Amino acid sequence: MSSLFGNILKGWTDYTKGIEEGGHHKYEHMWGMVIDLDKCTGCNACSVACYAENNIATVGEEKYKARQSMQWLRVERYFDEPDIDPGAIDDENAMQERGASFLPMMCQQCNAATCEPVCPVAATYHTPDGLNAQIYNRCIGSRYCANNCPYRLRVFNFYSYTDEDGAWPEPMKQQLNPDITVREKGVMEKCTFCIQRIRAAKDKAKMENRKVKDDEVKTACQQTCPTQAIMFGDLLNSESKVTQAWERQQVKLGKYKQDRENPKLRGYRVFEELNTDPSVLYLERVREE
Amino acid sequence: MSEAALKHLSETQTKDIDENIAWAKINQDVLRSMENPRRGYWIAMAISVALFSVMIYAEVYQYMYGMGAALLNTSHMWDLYISTFVFWIGMSHSGTLLSAILHLVHADWRKPIYRFAEAMTTFSLMTAGIFPVIHLGRVWNFYWVMPYMTDRGIWPNFRSPLIWDAFAITTYLTSSVLFLYIGMIPDLAICRDNTKGWRKKLYTWLSLGWHGDDRQWRNFRITYLMIACFLIPLAVSVHSIVSMDFAMAIMPGWHVTTFPPYFVAGALYSGCAAIITLFILLRYFFKFEEYMTFPILDKVCKLTFVIAMVWTYLNLVEFASVWYGHDIPSKEVLLAKAFGPYAPFFWGMIAFGMFLPFTLLSKWARRNMKFLFVVSVLLNVGMWLERWMIVTPTLSLGYHPWGWNIMWPGWVEWAMVGGSFGWFGMLFLIFVKVFPCVSMYEVKEMVFHRKRTIYEDVDEMMVLHKGAPTAAEAGSTNNGGS
Amino acid sequence: MVKDSSTKRSIPWIRLSMLMVFVGAIIVIAAQVLDQKLHYVGEDVVPGPIVPGTQYPDEKFTGIDVPQPINFSHKIHAGDNEINCMFCHTYARRSKVSGIPPLSKCMGCHTVIATDKPEIQKLTAMWEKGESPKWNKVHDLPDFVHFTHQRHLKRFLFDNEELDVSDAKRVCSMCHGDIAEMTVAKKSRPLTMGFCIRCHEANEGPSDCTKCHK
Amino acid sequence: MANHRKQNHRIFGLFADFEQAFEVIAGIRRYEVPGITVDDVRIKSPIEHPEIEDILGERPTNIPKFAFVGGLFGLVFGFFFLAGAQANFTVQPQGGKPVITIPSNLVLAYEMLILFGVLATLAGFIIGARLMRKRGPFYNHAVSLDQIGIVVERIDDTQRQQVRDLFARHRVIDVFEETV
Amino acid sequence: MSQSKLDRRQFLKGLGLGGAGVALAGCDLPSYVTLEQGEENVISYLAPDEYVIPGVGVWYASTCLGCAGGCSIHGRVREGRVLKLEGNPDSSVNMGRLCQMGQATLQSHFNPDRIANPLVRKNGSLVEASWDDALSLINEKANSGKAAWATGAISGHQRVVVETHLSAIGGSNHYAIEQINANVWQTACGDIIGDPNPEIHLDKAKVIFSLGADFLATFISPVHFAAHYGEFRSVPRGTLIQAEPAMSLTGGNADHWVGIKPGTETSLALGVANALMNKHGISGSGISNATKSLINEHDPATAASICDVPADRIEKIAASLAANSPSIVLAGGTATANANGYSAAAAALMLNQILGNIGVTITSGRELAYPQLGLIEGNSANLKDLAVDANKGKIDVLFVSGTNPLFLAPKSIKMDEGWNKIGFKVVLSSMLDETASAADVVLPLASSLEDWGSHIPAYSTGTRNLALQQPLMEPVFSNTRGFGDVVLGLAKQAGAPGLDEYDDYYGYLRSAISVLKKTDSEKEWNSFLMAGQTPVPSLGRKLSYIDGKISQTANTATDGGLTLIASARMGMWDGRGANLPWLQESPDQISKVVWDSWAELHPKTAKSLGIKDGDYVTIKSSNGEITTRAFIYKGIHPGAIAVPIGRGHSALGRYAKNNGVNPLFILDGGVDAKTGEIATAATRVEVKNAGKNKPLAKLMEIDRQHGRKLVATISADKQRITEGGT
């Protein structure tokens, strides 16, 4: 009975607080990212590092072709430049004058995530770290969250990859990271900002009775990035590089339209206008005209 | 029934029902329809079972290989399962809603046909309920959507439209089963009195000792009325909630304000069409020419046409609101529906859903069984396409161009869709042999009241002034029962 | 005198309906009180070996007897000789896993102590062969559960000024029961999620899923 | 007053002609049988007769109240159930939405309202209609077919004959009696 | 020593490998089922070191052997299993970063298709044998006749032992084979500025003008250059100009990508030089008259017509080079993979000279004080030599390791005939690749994460370091042996002097390094291992420009057909990546294709040939044909067709086998005139539609953003206004 009705009388107002407080709880952290698209060379090291860190299954050509691939971090490549030379791509005889545009896309860890409210079993929810968590063992695979993700950044285990002809034939199993659950078939998964690393850092900090330091948590993609185009840190920690970068770009959380006195600043968030409030800030790619 | 006779009937039959029909005949006809199935019945049953077993096989296959067996992919997380789910939910609306509404407005022509319509409601709900379950990635955990107490202290997420579905469908199923059952009690009593063996036991148990005294009738009438009142808002809410699966989502083409009424209208529409189909089938197989008469069919057709127009209107409203809105992605989805790879199905939906109903305007069509049968089936095909065109094009053309791709359902999905019809047919076929699919007592009421309206004045005179009627008058007022 | 007609009987409908509303409300209130008691008051929670300043559900569970390669007796070590748990399970305070003591640790004593016992001889034989015994896991959580001994020891032992390290046994017994009375370890607490949750609620532990599931 | 008499005969007449049956009731209403009021009359019919009820007099039922109470309970219970569950399940704040979300809870409470309402109605029906108990006296299959029966209760010997005559006058097909 | 080795090994004995099995039980069953007792095992440590804690990862330093770059890595070891590799932040090579191939080294280590036991060819087929049999067989065969070694890039003490063994068995030829190399550029640098491996300061440059040098992916030390590229892009932001026939990763990141006609890079460089001198008054100091006259022949218009590049584009390049100093001009990759490769490199250096970059952005490197340890970069000329010598019968016994000649060799150089002429072939390999499966004896090697070794990185600035490679875990396949151990053993049994004191390679390496570092203390040694590298004495060089190497600029004949470019990609590399699912599934940076080869075509060409995206195209040269699917985009010169190297294996395990095509097979014998490098970008081919269409498996099915703000681009001028920089 107790867990049936519980303590709704206590702090009713707490429970009914809305988006302006970002939910009812106090955030311990607000992990965020900055990706400089001018430095990003699209070399894919981040993507492979992600496979290595997070026990992501490789699916093989046929399934990849059927778009059942499992990558959490995909480096997209575009050939058009709407902001500099819109017409260029339509000219059959032209050359690819300014190279290609690369865009590393991982889960944007939205603070008003569209995936969270629709999950029937609350397998995806918002953590006090400001992360968009996915609890694999709670997931029943209704796949509503993925349908509702405008970024298409959630991947689903359409098959079972754990058996011998799967993604990890012996002895590849030995490489699997014990800090991460290996997902079974029928489970939704996505980028977690390397939550196992965050947890390790937080536990370490707690053991030493201190706060988590900036740069103490490095995500796999950030750590391996050859040009260091990826920055990761705590947006609540005013000293952190990420916070400073966000401030420099005059981008704030909790808005779907930034009012910046300098419109030429490079910072922007993908699909910000959908009011998903993502935590990943991209810096515009720069090219000579 | 012979061709000529049918034709003749279609011209001569002008009354909803012939009030001089003998009551005993009503009982006989209906009870006969419940006995010794003929060959056609067994063939139909065999087909249904076959389809259903294919579905079972497909489900087992999918269970073993994962959802990939259904060729779903990162962009198309949903496909036929959900659209067929919506389709069956839609089917379920006619029966109850029509029956309830017409009951409230005292349209007594509903009486011969509402029984099987309500049965249809129940069974299409039971069919619809299958789909959300089989489309789960981990189907063995489906019960986690139910709000049950556990020592882990975790609950479903009541924000999720899927949970609303679960609640709504459970409620709707319970209520419509009760509606069907309560409406059936007097008939069950009749069956009880006229059968023997296991059937007698069954009906005795089900008829709850009904013996038709005035107290029971009074309570019965009120109960029926109350439940009808409950069901109308319920039915509306159920399909609005189903529509919210989409309307609550952010995806272009789903995030549409007019979806709830649009879905409800579509539901009624497909339901009416289904009623016509079953009407014709039952009438043909069980020789119910005297009860399921042309005039009633005529009325149903007109109703269908009206609802079709409502649906058409809402459909056009949706297009317009998208077209004149500023949401580019939604507009892209709309254009892709019309001119993209799914265009044939889109236009098929438009043709069947919007234009075909106009044939119902012609009297000839409304009186031509074969033609009507084809039309009604096509209307439902159109409505199924509508659901598919709601679910899939949006998924193939979302916000992020990376996710854009075309996907065609594989055999597993088709097997599930076909199997659902098998399952439905199976249940319905069992129903018509176990329960009276025409409401006997209400047909009797219909007859009785129509007669009273005729002889009203005579009665007045007799009761108030002359006292006991003479034999001659009595003969003229004999209801033909004895 | 069976005079049946509902006209005679009149039920106070309004009052009845009010009553129903009250029933609903009362259920809720009752739940509140019950809730308070269960979650935040220690009395009706039976503590095991007392760990000051904590309440936790004392649920019993009778595990199966898991055979082990060496019939190690916790009773002799932790019980009779009162060796601190963390003397052997030395990793518990430094890692998420408590760890099986390395063979070298056993040999540290058993080169001299009780060398005549058959089990010890088994041990010695293994040590000389340079192979480790293959222990069977007794307290085995699902793989999607990431429990960490480190943090729990810190919370209940090291940060608990009423305890000092020698009382480790008490803290361990919160989840492992009275191991000191067993020979080879045996599961004596359910270790289900409910078990964890109740303890976390009673002691204001974190309620964030990702603390354990990732 | 009728309800003080000790007589305990019941008489049951079966009529083929509904109009005649109504005549009998009309007759009783006109006190053609002294001491017998419409309160002592019950009819058994294959169909329902709303029109008879004004003759037999107003006999209200409790079903609407059942429905009302059931619905009300569904609403209250539904909302508190959900709210309580959510309040206990505080680990699931989502996208900055409140823990107890009024709109969704209202939708669900609404469904619960209808569910409990319908169930209560059914209960009311079963209680009010005296279903699921021994079938009453004088049940005749004809009643479920096409004939209407009239039961007159609590009559003594003198009235018995008068009632029989009344029945006979309206071409009764069959008459049964019993003494309880 | 051997004692300390024992300790070293000891800690690797893990808490069993239960961990992986545990994780794999997965999350699909309700918890009460997985709350099991006594189902899983724990193997305790025997006698662990103090710092080894179960459940806590320990990081060990080692060296990545993904390519010759020699990045220093840290491997995360937990419960005795290496789980993840990261760059070593202290390394001057990769500053803690790593490329995808480095990350994927793990999978070559845990690869299911590794060779577990020695194989010996008995009546035609390879059968498993014991080490003793294999070695004794080698012993009787190897010491007779002319022996040779074929390796990949090799350095450090492995090189020493290999050469010791070679001399012990009386062989002289050591073929170091690397298909992907910067040989032409380095030779040119050696000849012209007197330093084959100068320091290239991308971060200092304001403009990078690169003739085909894919320094972000395949040029000498990709991670290092990528790191510097990052700084080059940060404020003040430099401009990257890339001229190449087919877009490489570097080209994909260029501010100006110049799709140039294959083989005409020299003319482009001359044209730019011409514009610089005539329009921007750059005095060609130190330029010989011969060169000057060459330059004068190439006024932008002429150059443009030769290179099929708009003249104003050449002007633009010259302008930005003139305006922003210092700049840097590189040549490599496709630019140097044709008959004129050497002069292209020379022309690039000439441009550096007249722009005054030499000594500013191109400064002198340092060379190792111990040349015998130095890196042999390896090149494809050696591949050809190997084939030629083999055909001439100059080789009776061949030891192969770290390279795959049978896969890399074009048909035209008749490698397989030569191979069959070789009497006795021993392959030391961890994977059964084409070469290994054609060998007489295959010795299974430990993976690079199980082995000892010392390496000289291909490129590093400042002091030269000796990168140390140490085992990160117990061998996955117990019967494999380290490269050093095997070669040392071979050398010993071949009677090489002075090796008997070392019972294994670890001992050898340890003593050699202690000699090198003049210390033998355990502490020092452990500090070396912890750092993963240790500085070694090196001597500075000085640069001096010698002109006149630009021999001729004649273009390859332009008869019908297209020029096939066998393009090098980071990922598959020269084919060694093909057996790693992570690399197979990580999309190519430009085409985004996975798990298969593709042929890049310009839409114009495609239209004229009637080819659509995803069509199978047959590419036919004088040496045969390959059929693969077309990828049509505008990052390639209309006169060229590019097929990536690395796929099309007939062996090398389940992931690589029968996957894609190998463009190297159909190259004609063309080589660079000066260095003899196999010209991978100069083969004339006929391309026709094979008539079948099957869309490629790609990450992206779209090339444009369709009005979404996904990758926003801002012009550099605007960026300078807001973020400064000139």
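Each chain carries a letter (A, B, C, D and E) given by its place in the written order, and its residues are counted from 1.
Convention: a residue touches a chain if its C-beta (ideal position, glycine included) is under 8 Å from a C-beta of that chain, and two chains touch if they have at least 3 such contacts.
All of these numbers come straight from a predicted model, not from anything done at the bench.
In terms of the stated touch criterion, the partners common to subunit C and subunit E are A, B, listed by label.
Chain pair with the most C-beta contact pairs: A-E.
Of all the chains, the one whose CA centre sits at the greatest distance from that of subunit D is E.
A summary of chain positions shows that the Cα centroid lying nearest the centre of all protein Cα atoms is that of chain A. Separating the CA-averaged centres of subunit A and subunit D is a span of 64 Å. In whole angstrom, the spacing between the mean C-alpha positions of subunit C and subunit D is 59. One inter-chain figure worth recording: subunit B and subunit E are separated by 68 Å, centre to centre, where each centre is the mean of the chain's CA atoms.
Centres computed as Cα averages put subunit B at a distance of 30 Å from subunit D. Annotation for subunit C: residues 27-28, 31, 142-144, 192-193, 208-209 touch two or more other chains.
Across the assembly, subunit D contributes residues 59, 61, 80-81, 84-86, 88-92, 94, 97, 128 that each touch 2 or more other chains. Counting only residues that touch two or more partner chains, subunit B has 138, 141, 151, 153-155, 157, 159, 163, 399-400, 402, 405.
Interface residues of subunit A, counted against subunit C in their complex, comprise 1-9, 125, 127-129, 131, 133, 135-138, 179-182, 192, 195-196, 199, 203, 206-207.
Against subunit E, the residues of subunit C that register as touching in their complex are 63-64, 66-67, 91, 94-97, 99-104, 127, 130-145, 187, 191-193. Every residue of subunit B that touches subunit A in the complex is listed here, in rising order: 65-68, 71-75, 77-78, 132, 135-139, 141-142, 144-145, 149, 151, 153-157, 159-163, 166, 245, 248-251, 395, 398-400, 402-403, 405, 407.
Residues of subunit D touching subunit C in their complex: 3, 39, 58-62, 65, 68-69, 72-73, 76-77, 80, 84, 90-91, 128. Within the complex formed with subunit A, the residues of subunit C that make contact are 27-28, 30-32, 34-39, 142-144, 146, 148, 150-151, 154, 208-211, 213-214.
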